[in-house]
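Here the chain labels run A, B, C, D and E in written order, and each chain numbers its own residues starting at 1.
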Amino acid sequence: MSDYILETHDLQVDFGGFLAVRGVDLKIARGTIHAIIGPNGAGKTTVFNLLTKFHAPTAGRIVYNGTDITHWKPAEIANHGIVRSFQISAVFPHLTALENVRLALQRRLGVSYHFWRSRKVLQSLDREAMERLGQVGLQGFAQRRAVEMPYGRKRALEIATTLALEPELMLLDEPTQGMGTEDVGAVTDLIKKVSAGRTIVMVEHNLGVVAKLADAITVLNRGEVLAEGPYETVSKDPAVMEAYMGVSAEEASA
Amino acid sequence: MTRTTTASSPASSPASSPAATAAAPPLLRIRDLHAWYGESHILHGLDLELNEGELITLLGRNGAGRTTTLRAIMGMVDRRTGSIEIGGEEFISKPAHRIAPLGRIGYCPEERGIFASLTVGENLMLPPAVGEGGMSLDEIFAMFPNLREVQGRMGTRLSGGEQQMLAMARILRTGARLLLLDEITEGLAPVIVKALGSAIRRLKDKGYTIVLVEQNFRFAAPLADRHYVIEHGKVIDRIEGAEVEASMDRLNHYLSV
Amino acid sequence: GGVSDGVVKIGVLGDMSGVYSTGFSGDGAVAAVKMAVRDFGGTVLGKPIEVISADHQNKADVASSTARKWIDEDHVDMITDLTNSAVALAVQKLASEKKVITMATGAATTALTGKDCTKYGIHYGYDTHALPVGTATAIVKNGGKSWYFITADYAFGHSLQDNTASVVKSLGGKVVGSSDVPLATTDFSSYLLQAQSSGAQVIGLANAGQDTVNAVKQAHEFGIVEGGQQLAGMLVLISDVKSLGTDIAKGLQFTSAWYWNHDDASRKWKAEYEKFSNGAAPTFPHAADYSLTMAYLKAIKAAGTDDPDAVRAELGKMKIDDFFAHGGTIRKDGLLVHDMYLLKVQSPKDGPWDVAEVVREIPGKDAFFSLADGGCPLVK
Amino acid sequence: MARTRVTQTVLWLLLLGFVLAAPAVLYPVFVMQLLCFALFACAFNLLIGFTGLLSFGHAAFFGGAAYVAGHALTVWGFPPLLGILTGTAFAAVLGYVVGALAIRRQGIYFAMITLALAQIVYFFALQLPFTGGENGLQGIPRGHLLGFIDLNRPLAMYYFVAAIFMAGFLFIYRIIHSPFGQVLQAVRENEPRALSLGYNVDRYKLIAFVLSAALSGLAGSTKCIVFQFASLTDAHWQMSGEVILMTLLGGLGTIFGPVVGAFIVVALQQVLSSIGSWVQVVIGATFIACVLLFRRGVIGEIEKLLKISSI
Amino acid sequence: MIRLILAQGMLGLNNGVFYAMLSLGLAIIFGLLNVVNFAHGALYMTGAFTALILYSYFGVWIGMEWLHIGFWPALVLVPLIVGCFGMLMERFMLRWLYGLDPIYSLLLTFGVTLVLQGLFINFFNASGTPYPGQPAALRGVVNLGFMMFPKYRLFVILFSIAVCLAVWYVIERTRIGALLRAGTENPELVKAFGINVPLMVTLTFGFGSGLAGLAGVLAAPIYSVSPLMGADLIIIIFAVVVIGGMGSIMGAVVTGFALGLIEGITKVFYAPAANTVIFFLMVVVLLVRPAGLFGRTR
């Protein structure tokens, strides 16, 4: 197996004449946390949408574990171990925390189309679901409906649900956006914790979080890769400094 | 009408220091403001004051009620009581759509409020003028060069940063002299944050009066004349811009930055 | 013997709000039945006579479930009116299965007494065989040899078209085409254009009521009549002529089961009816409704019971001779055979309703098909 | 929890009691009509209440199945049960076709597309030679159930219909409380999330649509035997509107709601039938009142009152 | 044959007028208020009846039998009356449903349709009543070469094309239109900009309804005035709007005229399919372009 779990080749997308992403080559190493940063409008969200099939690329290829997945459907990639999180918290509001997680586990049972069977068959999954909730500190919330939970808990529930799918590759879209300082710390720790044994790609503006978590960084600018590498190198790259931090090289060295 | 006394255009009125206008009534005075969303009581007797040409920030943790304060000024809450005086005139019982024109206010909401079904150009031209002396399109494009290229695109096809600029730009056009800006740096790259910082400084120099709600204290600190710290819908502290250095401990405690 | 449930109940199941509610059915029909009951004395065999009515909305299913309920729950003894052939066919079938007499007036299809005839079903007044015998014959003989039909797209329209076509063909004419038009269409223009471009000499309107009125009006609007084609309304009531206006309808010939200004008895009945119904003028189906109610009640009296078999037998034996029907008999297949009239539109002489004159009387035996030709299974 | 269970039990008993005892008190044909429409509304509710899809074309399945069942019984001489199954199967196939087209769009678009497709079905019902056009299919024979139970006997017919209703109702109950039903609920609450968890959302929606169509077809086929009639009324868009009203009135997404709603609407039509087209006015006003004042519907309001859910 | 195709095409265009005007109003109301106004057909019918009442009944009611308010005054009065009715409907019913699933407004307006239909059936019966007030100036026919075409119908075609273009211009090319669109998306914010949004919404609904009323007046002299005239049309209008792209003003107008034309020409070849050809087209369009011909995917 190749060292790279996910690669893109010359990825490109054209929104009615506007090239939002122009020839991006990404290489995501297995088992790392990979951050995508860049100025606003650089095309980060768009790349993300391409990877998760919410947009179709105009050109280029996406290769996952050696398979070309360029033309797969969203549900298909989920079944092959790529799961994304959303910017706004994505839970099933009127289901309990337990049911939320169980929904992720349920597919494995192969009974999801069985409209003639009782729901009781799902109870065999309850123990595992509880364990998953435990991982993110939500044991006490198992019977609470998601709407009734505070924001931070919802975020945790969402991650627990995602983890229940045992994804090989997790895609996180600005996981700390809109959070208070306390929550940011907690979520950062949680991401660190769950990164064991899997690969994570995240879009993030909070450089503190990126510095703490990311093994590798890709900087996008105007739809193109501007720089790549670990935080130390990237953050010292003069081009990045100018385009992203907004400081010229002289200022930085001064 | 007290309006005539304060209706001079921001561009032409001289930047006034707080001391100089101490005798004149404050441009915005809020006393004992309470606000509700449905049954939930969010603001519990908030007071604050702002003179013409000043820039203040509202600081506080998530959910403290800063956004709600701005929305209450704009009449965008379900119910509000207390007193909101703008230029000496009472606004508490005015209907929402009269507030912006009468108070010459420009409001930039937290979630940016770019209209998906309008082009960038239409978004820009949407808010009606509330007074003389709004910025011209050229001035606006000079301040936010990115916007010039994307004018024909639909509003929500913009990236987050472009949307934020658009949201700012569109209220500068209207001739408002009191700007209420909510979390304008959220989700923005440092380079843009920097650009916004200098834009705001320029606005302040032009004599605009600004209320800034910010999470990003480092951004707000050098700009502000005064900071209000809000917690549970009340002002719990007030720190003059000059005292910030000395009050860092207090601030850290409030905001746990 | 005697009267079941102590009351004779007559159900008037008609079109109370649709295209046939003026002229054929509606309040006018209910009034005619009620007037007959009044004139009969209000009781029969010492038991009261009750009249109930309902709107079938020109929907066979609505009609049949109403009839089902009337029979099962309200114990109705006879159902009449049944304007709209589809309705009449459905109700006649259902009622006969449950041994209840039906006496259809407004409905026109020959199937009622032909292949779908039933033991308790009576067709009273006219049918699609009788109509063209007068009208189509007259037109073809005048040189109108090629026909195009605009046909109401249900049982009645098709039956009327078929019968007219066979009259036309039997006289050496030909049919060059037809358009099926849904009931209650308001825009006939595209069908009329189709008819116009077919080049037929005669545009036969195999429809009725408001449909006919609209078609004739629009034919004038598009200059079709000026273009040299002739319109032939196969089922026209005097109320249609009235709403068209005699200048548009001028020269129109049509067949009718009755004309009020034909004899004294009819004139007298019309005056009575107008008094009874607050001034509304009667059409021939209304006259038929009155006449059949009388006949039904007389049959009960004669039979001494309202038992359907006895009453039906009595009806078969009776001679029906009143202001409406001359020399009428109800045959084994349920058809009332009586004289028909060919009318021609004229400018009113004798009051606003005197819109036509009788051109020809058609003896019943010529107007209606023979017992053998009908194909009624009850007639071996 | 306990309160939910008690209320549910009470409702089950009430329903069963009603179904068994009603023909003794009420006109059986009327009760059969109630049951057919109740089943139709429940089938419809499976879609709107539990999948979040508003179909404005369900009359196509109800009416379409009635025609096919009627044709099978009359012309092909099928026995009653087989005839009903034929109608149901037809509705399922039709549901597959309509559903596959309609689920390409969401919300209000979905509603309008189903409406338009149903209109095509209506056109076929009007034009195809075997449907009898405006006349409809008349005199459909009731026949003998399993070869020996004469359905022309009113009570035999009644209990046959009652059995079909109960079977359909239990089946719907089971669907809602199945693993499949759980996924449906997830899809309704947050579709993108369900998708990102790997559920093929469209396929779930389609299956729900087909099930709902088939059960509507079951109701339609049964009705055609009861009235011995298949007509355009059953396939008309106004029928699609009525079934929405029934469901809304009883309570969207509740289990017993559609039954209650159907009973109210049918009873209302029956009681008001003497006042002619005022019925339409009353039904329309009920619709308005329902949407404006109690969107939860009868059962929904009861749920709120007792602070329970899923009854 | 060519003549017949042309002639049927003209008639089709004539029907297309009503498709276009009604789907235009529907598209405005949907595009701007996100309300699917099922009652649009009923408003059209109400418009036709209002014209009829003004001509034949109003004078009698007020005791002036000689008074017939004719076509030209009706052309102005009826849209105002129906528009006011629409505004009342918006103000007192639909307003409570904003922010809920648009399905509820669809259902509410469905209820309104039933009520209006039922009322008119009660007072005028279900079959049509002819409108006697056709203006004398527009009587008679024009020879188009391939057919004799009533002057009045020609007038209707030209008049409504003008109306559609004017409306399109206002909505798509002026600030008013931009305000309306913004107001539907985020009324709170537009209010905060200083616009009286509720009033704007009410007026818009009134305008859309008025358009339906106007179509009703135009239709009255052509078709007879009947309580079900709108019910038969609304479903077709829905299809037109779906084909054109929901909420697209241009889409509604162009598709309306085009479908009328196609329908007319279909009549030449297989008349019974004419009513359904639109729905078949809709299916085809949905398969190829799910957002409709002019729709933009937002």
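Brief remarks follow.
The working rule: a contact is a pair of C-beta atoms (placed from the backbone, for glycine too) under 8 Å apart; a residue touches a chain by one contact, two chains touch by 3 or more.
Just so it is clear, the model here is predicted, and its values are computed rather than measured.
Annotation of subunit B and subunit C: jointly contacted by E, touch as defined at the top.
Top-ranked chain pair, ordered by C-beta pairs in contact, is D-E. Farthest from subunit A, judged by the mean position of CA atoms in each chain, is C.
Set against the Cα centre of subunit D, the chain with the most distant centre is B. Subunit B and subunit E have centres, each the mean of its CA atoms, that are 45 Å apart.
One simple way to say how far apart two chains are is to compare their mean CA positions; for subunit A and subunit B this gives 34 Å. Separating the CA-averaged centres of subunit C and subunit D is a span of 39 Å. For subunit B, no residue reaches two or more other chains under the stated contact definition. Multi-chain contact residues of subunit E (touching two or more other chains) are listed as 121, 126, 272. Among the residues of subunit D, those touching two or more other chains are numbered 276-277. By the document's touch criterion, interfaces exist between A-B, A-D, B-E, C-D, C-E, D-E.
Within the complex formed with subunit B, the residues of subunit E that make contact are 31, 175, 178-179, 181-182, 184-186, 188-197, 296, 298.
Touching subunit B in their complex are the following residues of subunit A: 15, 18, 37-43, 45, 174, 177-183, 205, 207, 243-246.
Interface residues of subunit E facing subunit C in the complex, by the touch rule stated above, are 3-4, 7-8, 11-12, 14-15, 121, 125-128, 130, 141, 147-150, 222-224, 226, 228-229, 264, 267-268, 271-272, 274.
The part of subunit D that touches subunit E in the complex is made up of residues 54, 56, 101, 104-105, 107-109, 111-113, 115-117, 119-120, 123, 127, 237, 241, 244-245, 248, 276-288, 290-292, 295.
Across the complex, subunit A is touched by residues 174-175, 177-183, 185-186, 189-190, 192-201, 204, 207, 211 of subunit D.
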